[in-house]
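Chains here go by letter, A, B, C, D, E and F, matching the order in which they are written, and residues are numbered from 1 within each.
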Amino acid sequence: MTSATTPVRQGRAADALRTVRVTRGYTMHAEGSVLIAFGDTKVLCTASVEEKVPPHKRGSGEGWVTAEYGMLPRATHTRSDREAARGKQSGRTQEIQRLIGRSLRAVFDLSKLGERTIHLDCDVLQADGGTRTAAITGAFVAAQDAVAKLLAVGKLQASPITGQVAAISVGIVGGVPLLDLEYVEDVACDTDMNVVMTGAGSFVEVQGTAEGVAFTRAEMDQLLALAEKGIAELVALQTAALAEPLPTKGAA
Amino acid sequence: MTSATTPVRQGRAADALRTVRVTRGYTMHAEGSVLIAFGDTKVLCTASVEEKVPPHKRGSGEGWVTAEYGMLPRATHTRSDREAARGKQSGRTQEIQRLIGRSLRAVFDLSKLGERTIHLDCDVLQADGGTRTAAITGAFVAAQDAVAKLLAVGKLQASPITGQVAAISVGIVGGVPLLDLEYVEDVACDTDMNVVMTGAGSFVEVQGTAEGVAFTRAEMDQLLALAEKGIAELVALQTAALAEPLPTKGAA
Amino acid sequence: MTSATTPVRQGRAADALRTVRVTRGYTMHAEGSVLIAFGDTKVLCTASVEEKVPPHKRGSGEGWVTAEYGMLPRATHTRSDREAARGKQSGRTQEIQRLIGRSLRAVFDLSKLGERTIHLDCDVLQADGGTRTAAITGAFVAAQDAVAKLLAVGKLQASPITGQVAAISVGIVGGVPLLDLEYVEDVACDTDMNVVMTGAGSFVEVQGTAEGVAFTRAEMDQLLALAEKGIAELVALQTAALAEPLPTKGAA
Amino acid sequence: MTSATTPVRQGRAADALRTVRVTRGYTMHAEGSVLIAFGDTKVLCTASVEEKVPPHKRGSGEGWVTAEYGMLPRATHTRSDREAARGKQSGRTQEIQRLIGRSLRAVFDLSKLGERTIHLDCDVLQADGGTRTAAITGAFVAAQDAVAKLLAVGKLQASPITGQVAAISVGIVGGVPLLDLEYVEDVACDTDMNVVMTGAGSFVEVQGTAEGVAFTRAEMDQLLALAEKGIAELVALQTAALAEPLPTKGAA
Amino acid sequence: MTSATTPVRQGRAADALRTVRVTRGYTMHAEGSVLIAFGDTKVLCTASVEEKVPPHKRGSGEGWVTAEYGMLPRATHTRSDREAARGKQSGRTQEIQRLIGRSLRAVFDLSKLGERTIHLDCDVLQADGGTRTAAITGAFVAAQDAVAKLLAVGKLQASPITGQVAAISVGIVGGVPLLDLEYVEDVACDTDMNVVMTGAGSFVEVQGTAEGVAFTRAEMDQLLALAEKGIAELVALQTAALAEPLPTKGAA
Amino acid sequence: MTSATTPVRQGRAADALRTVRVTRGYTMHAEGSVLIAFGDTKVLCTASVEEKVPPHKRGSGEGWVTAEYGMLPRATHTRSDREAARGKQSGRTQEIQRLIGRSLRAVFDLSKLGERTIHLDCDVLQADGGTRTAAITGAFVAAQDAVAKLLAVGKLQASPITGQVAAISVGIVGGVPLLDLEYVEDVACDTDMNVVMTGAGSFVEVQGTAEGVAFTRAEMDQLLALAEKGIAELVALQTAALAEPLPTKGAA
């Protein structure tokens, strides 16, 4: 693993994140609304509070945190069909939204949320690789803003959030382990791994896939180290974004 | 009808549009990509060119222009279900996307487009009334940008666009005819009318609905006059926006 | 505008309705059952009373009026797919049934209906243009019969119906404004407008569409005048039909 | 079995059909269009010719005959949901339309139909028991009219129809075997059997169901004898109806 | 009818069943779990007890018995689409599961079951003709085992089962009436009849279909006699299987 | 990590697999048909060869390998809804079948398969934890049998299979890392990881999820070591099973 610039990415080190931009208060209605950019990947993450829970939580005294994911038809290089028009969400969409939901629940103490639901909607406005990791990283910030509102109006006395959570992709392209894959890298990679970690440095999810050649244990160790580095940086960026005052009007 | 400020809108005249903002090149992949804002209503309109046509146009030598409309779940005051998750588009969604498609086709000479399709995707990021009229007005600009690209690369020799098209809502609230209804006005109005007109001042669509009391012919005349004023302004705004150079990188 | 016979219609004046026939008690189970014919267009409109309301009205003390629309597969020149077999209603079907529902609610005081629903089912047995306007005009008569039964059995003390409602199409064919378009005229027209009005002469809905060339304000005025004439006649025909005794056995 | 009037049916003998009425040319667009009434049960059966076949028959030189069945929402005592709105056909609907299709194909030599499809649409306008048997009996007449048109215009040289087909229900109510059950009898019966036979007196389908007590072989023999009697009468009624000239204009 | 070996089946008499094998306790979770084999046709029938009833039975004090049927994609000679992936059950599947449900309810006194449901799931692991008759015959054994458990734990004081039920197919192949058709016989047959009978020898369902030539009354009598013979044997096999002790661990 | 018996599993060491049983030729129609048991988890894996490819491979000269997964309704402790009846596959089902497909494709050289598809259907007859890992391990054996048939009949000259693939679950329960989780362990675990590896010891997929507390890098290393041990054993079991002669008749 090297931090020198590699042929596969223009002027970016193999272990460098793309420029990450977090814009809170992006739209005005949601309790939390964040536009997160990982380079040219841009995802709008909103957190909506609903004062009821799904059937499996009713009467439990506990809350629920869930996520949905979508991609605007022309977020991608060529237009993809609108899932609402096709009448069903793809397997990929369902896999991603289940991943986002599990990742966020990992830092929630649901017993402290009360019988309410936080819906995290992650909609990709522009895609250039890493949409699910951007979504998780942005959804955490949106969830934090929504919880802050519940605390501010006295609906909650203490935060149910137990820590930060962020996600990044890593992969091996042409034998070189890379952090935060762009679309062209994602297409070319042999191994692709999405890693979700807490602010404390523990793993929430690890999903590694050999797209081409199977990968060795040594390669896996390299990828995990890259991911740990990237997530530490993302956690710091979340902290910095949340330290700023929330814009009073939608920023879109 | 009066242009004086009325109680129902803060500091805005009854015959005044909200601040309209048109941002071209909002996302980077689409052939045309426009974020249009009518006050706090914000709609992302993309135009995607596909080099084939639907079955009813195959072999005709003609092209096709079609539209889809969506609303992000938390574009609204309270979260609405995601249509892709519910597995079907609502009647309202279908009505709106059919309206956008017809409106845009009204200014296209399909025989000059060649056997290709322009897909207009209008996705509401933030809603505050008038999403369908903003969508039509923005979709025209996106379509124009897409056609400009087809001309630039030589796929078209002459533009198939025969004129401009824009849309606005008008309504009667508490007896006062108003131009460009915001959400609170839309909810309170007795009569709501969406008007689509060409740059030349002719009508493409008129859809008036008495939500409460049925409306008289005299009221209808007042509303049509308001709409004519508003659309003339929108057409000028479209022209101005299209006169500027297109940003080279996504603006989102 | 002229009432002289024009080339486009055989022996019928430009401002003349087709022969309208209203048959009450057409089927025997429904609380109201009307076969309405606008020339060769024949629509069976039934009104069914259900002693409960949809969720958004529960506990409100108010009732609800709603409509569904369907077309038998071979009501048309060539067979169209059965929507039940395809598994979804088309956008056109949904648009029409939403229009019928809004139009009928415009003459109902829902607070006087009690917590019950009137379902209006409009099924086209034979189509020759103007199915939605025939449906609205016939559905009003069926609704009136259903309300009469509720009054007769003492479930209602006073009628919740506040006035009559009827609908007609108008259009411009070959430059000539015409009332009540038949199928061949509908296909050929530049502008098509459906107008729904109350018995008192106010507008409930106006839906005008330029199928070809956009239409001018002057043309719109001509079309609205034609519609006003036609609807006055339809309202009189409804009144006459309702003045007759209801057949005791299904007339089908 | 007795032909004396029984308590369960007013003035009708146990082995008597209800009044059967066959109206050809009921609607004007279909190649065959028949309204058939078995007492208060009224079914509109249309036959539509399409000049292509489904995939499993393509290139075979053979044609296809298929059926669809529907019930208007208020054909019944209490309104039932519209299948198109629910988004799927019930198991009962599918069972019936498969039965109608098989029954009609039993009297078609598909190799003589050419590569075309006859669609039989059976839509129940009013239901009072026996809708599927009325549908089969009426669909045969509609199919015959459609074939006559194909012969008349020279698309067929010889009829692909090899015989007549008709259907009737029989059942045991309170121990009494009855022919042609009305709704109240159908609800009360222990055993319900639908029998489809050719004009030549052979069986095409026998579907007997014990709704209450299982039935004996002796009871089955009684029911089959009743069915044979009823179908012979229906076949004669079909023949008589087809001997009359076809009305030139829709009779609805 | 003859019991001599016929050319169509290798070494099996025309009136002979295939080897029938009943394995109780096939899987371990279900209250009743039976693998039934009719020759190479193998169906897993499970009976699951649920302590609630569907809406139409709520508050009635009565229980419900219902069935679902499925075929593994490669139970058949060539792979068929998975119904779960296609998003709907075929008409054939629905017809069969409705038949199984009715057949089992024929031997249940629902008023003695209490407000609970017995779900019978019949999944075909391997198909070689006669899957629906094997399913009914096996589902009865599974239901019996489930009821025995309810009695054993004291949830029921008396059995709601009023008798045995079994089913068999019969058909005419090349003019020869045959019992228990295998797949190759089923494909070749002119007439196919499925017969469901009680242990007492009465008919629950008779479903005969002429696939080719319509069948005569005499042929029907021959087929019914064959079915009576076969079902008497199946009923004895059920009795014998139920007389053995239930395996304690899943046999799969 | 210890191989001593832990309190959570009766008599099984923490690093021990359950008894694994592989039955080839389980059903008779499929080109490959394997019942695999991991203890009480039993999955039927069939491999079906189809002589065409999906659209994205047409004309490529390459083949395709794909998988579908299902669970019989009563494979589980309490009955779950049948996906075919509900009309859609759950997100979980789609996730699993995508995983199986990717895992098998990792050991296929699609360019050597020719333009044909191998469908792997994995249906769970009985579930007790680890259904997806049993499915992958069994599907490999079924695929091998199907390829052997293609070689035997000369449709393939060389095997497109490049190595073995197997899968196992590992997890941490009460602080103890365990191999091959049973259902009760799966429910109780803090961390659950599914690992797919080749016969050569490289990773194809790693999917780790913290169900409760996030896991550390050290714990991850322990889990990966356990998985490596288990998969080496599974690969040996696959090899042994494939060394035996294939039964000539379905074993079910």
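A few points about this structure:
Here is the rule we use: contacts are C-beta pairs under 8 Å (C-beta built on N, C-alpha and C of every residue); 3 or more make two chains touch, one makes a residue touch a chain.
Since the structure is predicted, the reported quantities are computational estimates derived from the model, not experimental observations.
Common neighbours of chain C and chain E (chains touching each): D. Taking the mean Cα position of each chain as its centre, D sits at the greatest distance from chain A. It takes 180 degrees of rotation, in steps of 5, to superpose the Cα atoms of chain C onto those of chain D.
We define each chain's centre as the mean of its Cα atoms; on that basis chain A and chain B are separated by 32 Å. Inter-chain spacing, taken between the CA centroids of chain A and chain D, is 60 Å.
With centres taken as mean Cα positions, chain E sits 51 Å from chain A.
In chain C, the residues that touch at least two other chains are 87-88.
Residues 88, 91-92, 94-95, 97-98, 102, 106, 193, 197-198, 200, 202-210, 213-217, 220, 224, 228 of chain D are the ones touching chain E in the complex.
If you check the complex, the residues on chain A that touch chain B are 27-30, 33, 35, 37, 40, 42, 44, 46, 48, 50, 68, 70, 72-79, 82-85, 87-89, 93, 119, 121, 123, 125-127, 250, 252.
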